[in-house]
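Listed after this line are the structures, all set down as structure tokens.
In the two complexes that follow, chain A is the common piece, with chain B as its partner first and chain C second.
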Partner chain A sequence: MTTQARAHAAARRMRLFERYALLVVWALLIIGFSLALPNSFPRWGNFSILFASYAPAALLALAIIIPLTSGDYDLSVGAVMTLSSCLIAVLNAWAGLPILLCLLLAVLAGVVVGLFHAFFIVYVRIPSLVVTLGSTSLISGVVQWFTKSSTIGGIDNALIMSVVGGRLFGVPYAFYYAFAAVVILWYVFDYTPLGRRLLFVGRGREVARLNGIAVERVRVGALVASSVVASCAGILYAGVLGSADPYSGLNYLLPAFAAAFLGSTTIMPGRFNPWGAMVAVYFLGTGITGLTMLGIPLWVTNVFNGGALILAVTISQLTRGREAPDIG
Partner chain B sequence: MAMPTYPVSLSFGAWNNLVTAATGELSTNAAPLGGSPTLRLEGISKTFRATRALDHVTLEVRPGEIHGLLGTNGSGKSTLIKVLAGYHAPDPGGRMTFNGEEVSLPLSSSDFRRLGMSFVHQNLGLLPSLTVLENLRLKQIALSPGMHLNWRRERAEGQAVLDRYGLDIPQWRRVDELSAVNRALLAIVRAFEEIREGCEATGKPGLVLLDEPTPFLPEEGVARLFKLMREIAASGSSVLFISHDIDEVMEITDRATILRDGRVSGEVETASASHDDMIELIIGRSLAPAEERTNEATAFAPGLSITSVEADGIAPFSLDIGKGEVIGLTGLIGAGYDRIPYLVFGASPATAGELTIDGRQLALPGMTPAKAIAENLALLPGDREAQSGVPSLSIADNMLLPDVSDWFRGGLLRNRGMRNEAKRLGDAYEVRPNDPDLPLAALSGGNAQKVLIARWMKRKPRLLLLDEPTQGVDVGTRARIFDAIAAEAETGMSVLCASSDAEQLARICDRVLVFARGRVVRELTGSQVSKDHITQACYASLENSDRSPT
Partner chain C sequence: MTKLRTTTLIAAAAMIVAPTLSLAQDGMARAKERLSAYTSKPEFVAPGEPFDIKQCAAGKKMLSIPNNSANPFLKGIIDRMKTVGDKIGLEVVEWENQGQPSQWVQGFDYAVRDGFDVIDLISGISPDTVEPQIKAANEAGIKVMTSHFYDPSFEPNPLLSSSLPIGFNEIGRILANWITVNTDGKGRVALIVSREVPPTIPLVDGFTEELAENCPDCEIAQEINVGVAEWGTKIQPSVQSALQADPDIDVVVPIYDSMSQFVVPALRLTGKLGQVKVATFNGTPFVLDFIQQGAVSMDIGESLDWIAYATVDGHMRDLCGLPVPDKLNVPFYIFDESNATDAGTPAEFDTGYGDAYVSGFAKLWGLE
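Then we have the complex of A and B:
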């Protein structure tokens, strides 16, 4: 009995460690860089920029985990973010539409892209990987066409001010938008029946159907939500940069995916969860910032992101043992 | 519904003459014709924990013979097949000889080719998305030693094989585009081809084992299959034919071995045996003709009715289910009885029919699981992991899945309330261990089934639809599940239970409907609802139903 109790306690400690391991590693990373760069790294200004500049990536990671939970990949979030930010720039700076209308149209574009994906994935039954890979290229092409492949400045200052113009507790607003999105998604995932249905649709489509869940509607909803959140990431991105260009957004896709999977190994191990995704984004951001400050060449960033993605999926596979992965 | 009562009468004199051995030991004077038998099993036993699935089973298949193997579910037939396939190691003491050569048990995968044994399992083992040629020459292509694949030679070889058996199937067709008959024929030809070369080289006969190849074939297809089997037998090799269909066994086999309760209950020359003899060997005793029931079965208050539900392969089916009535659906494999619960629940599409609840008529073609749940129907599917519960999610989530909205109060999903409710239900249904946070996968099959039964029972459904509710469930849990069903039926829940387990149906049902080829051929009520009568009715079911001409 006592040995059993001890085994139980050990298992509980193991679970606890698993939940917070990434936070510990993040702290170690910060300490490591601070020791290596005592004069430049451990500065508040540094972290403040980090928090703001990775806010769009945090939103992208959230956009990815919604359909991942219901069993579909969305590779197009990077392209949708670019589409949204460029749309805002073109409509606002070139066409002179009021900024609020531009934001609304950008979100609407997200809805359209989401429905486009849902039509092919849910109704024509084409694998989500194929559809969203194709639409990534399709959207990127369209964006290059209507931006004439150029970087567009001159976005309404109101947007820039409300994204990075002010600080709360020393952190730019941008971070709080991402934070709010995490809280909302956390609420939906953990504290609404919808979240539970999303999970069942992802883990057992037939089980969900036979328990009366409208599987197709849930999947469509998840895909649309993903594109809308990615559009919102585009709004933040335009605000953070103060301009839009048709190329740089795609660079965020890989870190966001890495964060989605890395995040599923922490906070609530074994599930794609918003807190985990957010922690993972800033963990990766810290790593990249530190490496850049150490003067390591740019290619290391790519190696770091790609390596982190594969490592994250490996860890999540190992911790979940033989359990079926979310994605089949 | 007036059904003809199946007459069972037997003269025991004629009986003993045609049964070579009925004790489980083959009499030693049954010397095989023309040398050693192709396959001989002697004293094969298999014990699973406390249950003896096979008890000194002896089986002999002679060269050039088509040999039938018959038995009910639980007779040990599938265990014997698994021993032959090398999947189970039999208990020590059993012997196997193949063409006179002693073979050490358990069989290993290298034995089959060497000896000349091949299997066609019920799923046929074809790869549906590949072509006929690729399937036919799968082994040769996959194990081809060189770098280069000589497609011209493969095509020629493949065509030669198809021609040899008179199969008119284009080689380039994808297997999933073939008819069911051609798929079965292709699988059998492939199995026979696997051993043919070896057999020709050594001059020794081989053995093809066919496990239930016919239930899903139309009559014309069965005839072609039988022709193919005769050709194989004519070449000197043997066929071991496993089937539920006594008539088919009577038609095609030379001899047959019948298993019952893990023992050989008889070995017969089929030419001199009658259909009734076979049934008696399968069931074990001759039954007095079931007496016409005088006392009508318990009268139930009218509950709901199903009117002419129809689907592909299911003839229009109607049924009135009383409040609190437990109705069993059964039949042999392929009879279609197991599809009825899914049609009623809207889980698979019906082409016609309606469901009447409290005078309201609901069209079944438009039924969906969501609507069925709204009408307070419940379905517990047979495939637990794929259809019933999600192994990686928690017991609480699985148990309360259809009711999850009830726990959304004040804008928050009450996770603690759900956990407490799951704990309470877990206590009531004796789920062990009763920890609602554990994933469903942490439970044994029986305990997982308790969780899923509790999910539906707590809703107090109007109609509970079950498909093989106790498959892979231990004996104790079985009893617990039956008690729970009986208790709810007392309070007015109707139950429709599809099952191939006659014992289970006898235990819980008020009425049992026996299906054959998509239609009801027999209704058992009152004292007829017994294990023996149900089994007997299943085996008699095929003779008063014609195969559909499709």
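Then we have the complex of A and C:
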């Protein structure tokens, strides 16, 4: 074998390691917690609950990676999730509208928010960071107004049953909705011209434009899709909780961003990808679950989340020979 | 010989077990007795001597600064204080804010500029964070008071004119006694707390002391400390994990009832809804709805309107140089499945507590 061939083989091995490193660490984490808690951690019931309760977070991470792929930030996904869950609660529990109509209106609200973002980002050309930061505050205020800053219970039981009531292989439906969203997004990203266009636009707008891609239309679509997926996360959130409040959903923004970036170091390293995002959400969820079961104080979970993110991105960067990052 | 030995062994065992049993029985009896004060409709007890409140309040102005105007509990109290103020000739104004200390500081400046007589720091603003402003207000002749913030065991900030504390320690004791009685003295508890919130400490102290005294076989299996900002993301997974790790846990105590929004889904997902008891404090309407639906077992509540009356009473006593009550004159009341519907369907903040205080205060203040 020539030196060049050996170098190629070594590089291939490194790429392979990078691609599956997070999955390996996740498996090690599960083994570690299983050894420490043999009677409670390695049980299917534990994992089924983990899969279901992190489904809204998984959907939110997916909402983030769509505009990130086309080169825009959407910081409003937590607020849109809150808007959606609170709209459902107010319209259903307070105004008495049928639950299906409420869900439809929640998704419609996502479309409206997405178009609002697109107008300012794509046509007025204000940076996406500024627009979505502003709209987060704006949406939060509106939600506090129409919920009277209170928690609303009494959402139709049909929604709760369709999200966490029914189970397949012991896992509540909530997980399968998130799983379906991953499959759809993976197909669109990897097997359709639209997915390629999204990536081209994200990597270089001018080059994409010169190649005949309707850059503006792609960006508008990505922003609307992001808000719609965040609205769907709100539907899942309302279903998991059975209630809605104007504040708690906002705290999902940073963990979802962490998962999106952590996910970009695995499966398809260097690219925001749906499988990676989902693996990252459940990797972080496994850490929190295991640490809590061990009775470790909750501040440790924040250290775990932040440390895992920085470590994973660093390892990914080092294995790629510290080449210029594709992201951020 | 063998028979004698067996008898001796039984007698010895009885001597060891009997005091333990008797200890548990005494504790149970004590818990039942102490709990009974909170299960019947609250009665009005005068917080001090009668006085002419209209004469005291005539032409006076009070600025109420809540911890955060977005909090419906605080907003509800202040709205009711305005109504009480209208009845007695006291102008009550709310300083609307979003929980930022810079906004509280602005409130003090406004009170000094506009010639207010009283500043009421209501439920959550620590006087320690606005000491320079309290000094400035005092120099301008404004009396600064707190309400619904300190526990009676706390030493109030010396710059305050007076304070109307609330018995957080007492709340912890009620929760402990309820668990003792409702688990047959064998409760295994997951306790959810937010230690960054000052009232948490006396509440948890009261809970643990009372549980140790009255329920020797009860145990706090896990204490989960979650910061307020992280309730939405941490409580549910933590409770799920605790229940998975220790399936014998039969009571979850989220000490502030808004935490139950995230406890109930954890119980639902782990299949323990209705099996594990949930005991909590605050009387927030959606939690009283949860009781009606069978998801939460009990909630200790306080009437907002009663708090409003008692706060105005205490502050006016201070303003007119009368002795101020040792604590806010508001009784706690337990809602459970037997009386949760009294709070309305859907539940409301002020419903279900009776109205003994309305005529009680009217008589005390010379309005009748």
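Everything below uses one rule, namely that the second predicted complex is superposed on the first by the 298 of 328 C-alpha atoms of A that agree within 3 Å, B and C clash if a C-alpha of one lies under 4 Å from a C-alpha of the other, contacts with A are read in each partner's own complex, and residues count from 1 in each chain.
Throughout what follows, a residue touches a chain if its C-beta (ideal position, glycine included) is under 8 Å from a C-beta of that chain, and two chains touch if they have at least 3 such contacts.
These figures come from a predicted structure and were not determined experimentally.
**Student:** Figure out whether A:F175 sits in contact with chain B (first) or chain C (second), or with both, or with neither.
**Tutor:** In the superposition, A:F175 contacts neither chain B nor chain C.
**Student:** Name the chain, either chain B or chain C, that contacts more residues of chain A.
**Tutor:** C
**Student:** Contact-wise, after the overlay, does A:S53 reach chain B, chain C, both or neither (first, second, both, neither)?
**Tutor:** Second partner only, chain C.
**Student:** Between chain B (first) and chain C (second), which does A:L241 come into contact with in this model arrangement: first, second, both, or neither?
**Tutor:** second
**Student:** Going by the contact rule set out at the top, does A:S149 touch chain B (first), chain C (second), both, or neither?
**Tutor:** second
**Student:** One more residue to check, A:G204. First (chain B), second (chain C), both or neither?
**Tutor:** The first partner, chain B, only.
**Student:** Mind working out whether A:S40 is in touch with chain B, chain C, both or neither, as first, second, both or neither?
**Tutor:** After superposing on A, A:S40 lies in contact with chain C but is clear of chain B.
**Student:** Report, in rising order, the residues of chain A that make contact with chain B in one complex and with chain C in the other.
**Tutor:** none
**Student:** Taking the complex as given, what residues does chain A use to touch chain C?
**Tutor:** These residues of chain A touch chain C: 37, 40-41, 43, 45-46, 49-50, 52-54, 93, 144, 148-154, 160, 164, 172, 240-243, 245, 247-252, 255, 285, 288-290, 292-293, 295, 297-298, 301.
**Student:** Mind pulling up the chain C residues that touch chain A in the complex?
**Tutor:** Per the stated touch rule, the residues are 70-72, 75, 222, 224-227, 229-234, 236-238, 240-242, 244-246, 258, 261-262, 264-266, 268-270, 284-286, 289-290, 293, 346.
**Student:** For chain A, which residues are in contact with chain B within the complex?
**Tutor:** So the residues of chain A touching chain B come out as 190-193, 195-197, 199-200, 203-204, 206-207, 209-214, 270, 320, 323-324.
**Student:** Per the contact definition, I'd like the list of chain B residues that touch chain A in the complex.
**Tutor:** Within the complex, chain B contacts chain A at residues 345, 347, 368-370, 372-374, 379, 381, 386-393, 397, 401-402, 404-405, 407-408, 411-413, 415, 439, 441.
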